[in-house]
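Labels A, B and C are assigned to the chains in the order they are written; within every chain, residues are numbered from 1.
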Amino acid sequence: MNRLYKYSLPAAVGALGIFTLTSPALAQDAAKATMTMDAKYVFNTLLFLIGGFLVMWMAAGFAMLEAGLVRSKNVSMQCTKNISLFAIAGLMFWITGYNLMYEGVDGGFMGSFGPKAIPDPAKDAGDYSASSDWFFQMVFCATTASIVSGTLAERIKIWPFLIFTALLTGFIYPIQGSWEWGTGWLDKMGFSDFAGSTLVHSAGGWAALAGALILGARIGKYGKDGRVHPMPGSSMPLATLGTFILWLGWFGFNGASQLAMGTISDAASVSKIFVNTNMAAAAGVMVAITLTQVLYKKIDITMALNGALAGLVSITAEPLMPSVVQAIFIGGIGGAIVVFVVPLLDKLKIDDVVGAIPVHLVAGIWGTMIVPWSNSDASFGVQAIGVAAIGAFVFFSSSIIWLALKATIGIRPTAEEERLGLDAVEIGIEAYPEFSKGGSPV
Amino acid sequence: MNRLYKYSLPAAVGALGIFTLTSPALAQDAAKATMTMDAKYVFNTLLFLIGGFLVMWMAAGFAMLEAGLVRSKNVSMQCTKNISLFAIAGLMFWITGYNLMYEGVDGGFMGSFGPKAIPDPAKDAGDYSASSDWFFQMVFCATTASIVSGTLAERIKIWPFLIFTALLTGFIYPIQGSWEWGTGWLDKMGFSDFAGSTLVHSAGGWAALAGALILGARIGKYGKDGRVHPMPGSSMPLATLGTFILWLGWFGFNGASQLAMGTISDAASVSKIFVNTNMAAAAGVMVAITLTQVLYKKIDITMALNGALAGLVSITAEPLMPSVVQAIFIGGIGGAIVVFVVPLLDKLKIDDVVGAIPVHLVAGIWGTMIVPWSNSDASFGVQAIGVAAIGAFVFFSSSIIWLALKATIGIRPTAEEERLGLDAVEIGIEAYPEFSKGGSPV
Amino acid sequence: MNRLYKYSLPAAVGALGIFTLTSPALAQDAAKATMTMDAKYVFNTLLFLIGGFLVMWMAAGFAMLEAGLVRSKNVSMQCTKNISLFAIAGLMFWITGYNLMYEGVDGGFMGSFGPKAIPDPAKDAGDYSASSDWFFQMVFCATTASIVSGTLAERIKIWPFLIFTALLTGFIYPIQGSWEWGTGWLDKMGFSDFAGSTLVHSAGGWAALAGALILGARIGKYGKDGRVHPMPGSSMPLATLGTFILWLGWFGFNGASQLAMGTISDAASVSKIFVNTNMAAAAGVMVAITLTQVLYKKIDITMALNGALAGLVSITAEPLMPSVVQAIFIGGIGGAIVVFVVPLLDKLKIDDVVGAIPVHLVAGIWGTMIVPWSNSDASFGVQAIGVAAIGAFVFFSSSIIWLALKATIGIRPTAEEERLGLDAVEIGIEAYPEFSKGGSPV
């Protein structure tokens, strides 16, 4: 489903012609009717604004999750990256992103260039405010960038990361986004990604994976003897806070992706999405804590947190059509994915500091592929084409950028700098100057 | 007041019969009228969704409050418990909770068994979306479970706690809830608990008290010489953050318990509830800081935070009818309750780690009993019956479960495990691996 | 623009007279029309409530920002101050503040004394609920007090601070606020401050500056050799969290200052405000990180955070009229202000612990003075008069109060107490009892 042309007047209502003020004789009826349309406009706009600020809040969730899951010597860096990437996403999605994604795509591979025009409120007509739509779409773009930040933590220099962020949010994300939500070729083909399991989460995951492969693992993470050296995060309560923020924000992420709230049916759909979204997250938690208890005899809190997130990512491709039982199943598999893919990545020596690849990439693929189970308009074949096409495009274009950055300004600090911690080297302000500065002994 | 059948068309409007589409001739009027009803439906649904996500956010508040008030060796455990209990509450309130609480109670002692049916959006009729109502009621159920978590911190094994949570959220909470909000016998008798001073807060408090008595105090908390050994929490800023989150969430908790926003009167009621809720919390803070200054020559920050929460709990039974002066008084007494009951519990050697019993149980009783002061439909006698009946039921049924768990899988770690901290023993991941691991010397 | 009498029916609609129920014959039309007006009322009220809870949440943002930017020995104190000041602001703005600011000002210098009457919901008529308006205006008042808290951290006793807060929120803020938002003399003159760059942020900044001058710098901050001794904050992730909370809350701060959402034009205006607010913050971040990189060869995270906030303050005087490019420019200059004014204050030996003076006072003046660039109704001359008049009044009246407090109960702890940290001396509970207590070596 595209995210552009959803709104249309119910034909029956439009046919009555009551919404056009044609003569003084109709003035009284029209006054009432206009308010009727006003209410719809305001409701739709309000949905974008509320959903938008909830998704904006997810930027803080990623910041806290990552601050909690990196070692204390890299926490200031991680915080700086997260607030900066949100700033960059806002600027780039205005300069090129929105129009590339939504302007004149029409079955094609991208829209047009140039900044998004923010209309004068007096002329901001339609079924919702164009500015509210821009704001809502922008925070989705920022989410994609947030995903990359966690995987590459503790060993990337800040400026190349920020340059990559600018290119991701200004070009890569909007181009692949145009294929579906901008009514591009994937949308015409029948691909279905309601709120972005693929367009946001997998896309971010592919960009992160490309970076992780090109950047390499943190020094000491994978021993020469094949042992994986654990590097525990500095603050579990901050990681928990981040997860709760993301869970909260996801009600906006999925719920407001209904894109309208001005009818009974739309409001009921938003409500059902809230329920399914919550159920998938809950199932993700339960599967993750049960599996880690069974496998390791202890509950792993980072798996519990990532289990919630993977449940959320899994339901994001189709949060509306599944029954509650389906939502629980979809989210629960997401939780299992985290438990099994995290150690698998370590076996492959892909160093994903916060687990973003299992959560966003793998669970995102799972969520997208399972859409046909509940939505008969979707087909496994087309879903696979979408997953593969977007994966290939994002992975390939991201790799080129990472390689270009590596070849020019360099993307990785020296080994000595990495040992010291990026806070000391690039930020100059420690996260916790009065507490231990140890970090794990490497 | 029950929470089921609040909505009815104003008689005058209903009598006009304009909201039913009976003939083509009425199509134009009906189109306008339908939108009118749509707006009401959307407003009511939106109130549930906004209120719902604010109360969902309270789960994060409890997590942060408790993470801040336990020693660092038990912080990962407390975080794990809080995210898991929110997951369990969502699942259990769907599997049995909602229907037990709301389906066919009609003056009785419980509803029916079986999962809540989430309607298809196209058929989700009424004055609000059924899914939005489910979501809103579910987060209240989760709040009850959150209350238990804090009291029992630092000395309970996680799985028995989670099993108890499942039984609390799937059975105990909904059964007692059905008595009032499900139009059960207490509602018929005239009991009044607007947003849950008794049904949520005291209920959670009684379950916590039963657990605390059966579990016993933390090792070393109460010396043999009668001295109380202070065990200060690990992070005051996290406890403060948790309190602010709860304060914020409470606007949804009390405000959206108006259950409707589609009329001027309802919207004005929600607004007045916001004001009274804030005033009660403010008074709770001021009384707590003033009393601790006078009694101890210093302000006790944990009392300030719990004072805010006790003010909030106190006003929850009736946030609409009190004048501002009454709200200040009601909340202020809540703040005083905290200051006096916390040391009292210590005298009784009841080890309530975060102060949840004074805040939720005692202030919850206070708030319920003072309802008749501002609401002439309530009587002290019936309020007392409700408080006693729900207290007896929750305390008794919780005690049976705690005793059964104690007798079977056991609820308490060994003394050695408790000394080590539950993070090391049951979670395997320390909360702050790079900082001190000391904890208070016991 | 004042914040009182914004609402009026579009003349055309009012002229139709359809909104008054005058005879039984009009009952059917009236039923529909009333709902129409109801929707407007509910939308406006909802805007106040949503905006209000977002701005309330900013109190948590200030608490976290300040908790992160002070040394660990003063964190409990800072948390206590922040929750207490929010409580006091609520009480004082009810007892005297609201009426002083909004009741019968009419071109004058203040309103009337006495508590704000909270109407019975059944009689809460108009275009929005009076209670929702009170709530929204109250949280602005609280914001002003939050600003003062940060500047004066680490060296002020709590009770004089709280007494000052009571006088600021009950008298100083409302009196100067009445000049503009209460339709006082500045409003009549044509002063323009949409959401409070001057009325909230500069006002808070002036009060903070007066306090900082009278209180003096922290011991050891400015060495006898002229060197500035850095005293790094205890937790960058908490400071980052606080900044994200403030950024989120600012959508309510600026967006809901449109004061109405019940028409297409108002909803579109709120949306445009969201966009501009975000853009200004984004620009503030980018300018701050770029400038600190260029000047110091490292990104300074505290500058990045304060850059976001300065961008937000800068756009607050006029978030509606600027184009996106203008918003970026306005916010970007805000970011530059932070980078240049922070060291300037140190040169002047004005010890502003969290940077509130550059962020709120200087960027607030900048934002106010640049209004005429995008809003042709404003003039530089009148803007300057407003900035000067409010600055003089707040600085002068604050100074008198600080001096009176200094002369009576004293405002500063002893040097020994300051070295120990205020948590030990006045709160009695350390923020992080299990971690290092060092603080910077002074």
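Following the convention adopted for this analysis, a residue touches a chain if its C-beta (ideal position, glycine included) is under 8 Å from a C-beta of that chain, and two chains touch if they have at least 3 such contacts.
These numbers come from a predicted model, not from an experiment.
With rounding to the nearest 5, the Cα superposition of chain A on chain B corresponds to a rotation angle of 120 degrees. Where chain A touches chain C, under half of the residue numbers in use are shared by the two copies, so each contributes mostly different positions. Averaged C-alpha coordinates put the centre of chain A at 31 Å from the centre of chain C.
For chain C, residues touching at least two other chains, in rising order: 32, 36, 39, 46, 50, 235, 241, 432, 435-436.
Interface residues of chain A, counted against chain C in their complex, comprise 27-28, 31-32, 35-36, 38-39, 41-42, 45-46, 48-50, 52-53, 56-57, 59-60, 63-64, 67-68, 75-76, 79-80, 82-84, 86-88, 90-91, 94, 115, 118-119, 121-122, 124-125, 129-132, 134-135, 138, 158-159, 235, 238, 241, 423, 426-436. Residues 12-13, 16, 18, 29, 32-33, 36, 39-40, 43, 46, 50, 54, 71-72, 232-237, 239-241, 243-245, 247-248, 251, 255, 261-272, 274-275, 278-279, 281-286, 289, 293, 296, 298-302, 304-305, 308, 320, 323-324, 328, 432, 435-440 of chain C touch chain A in their complex.
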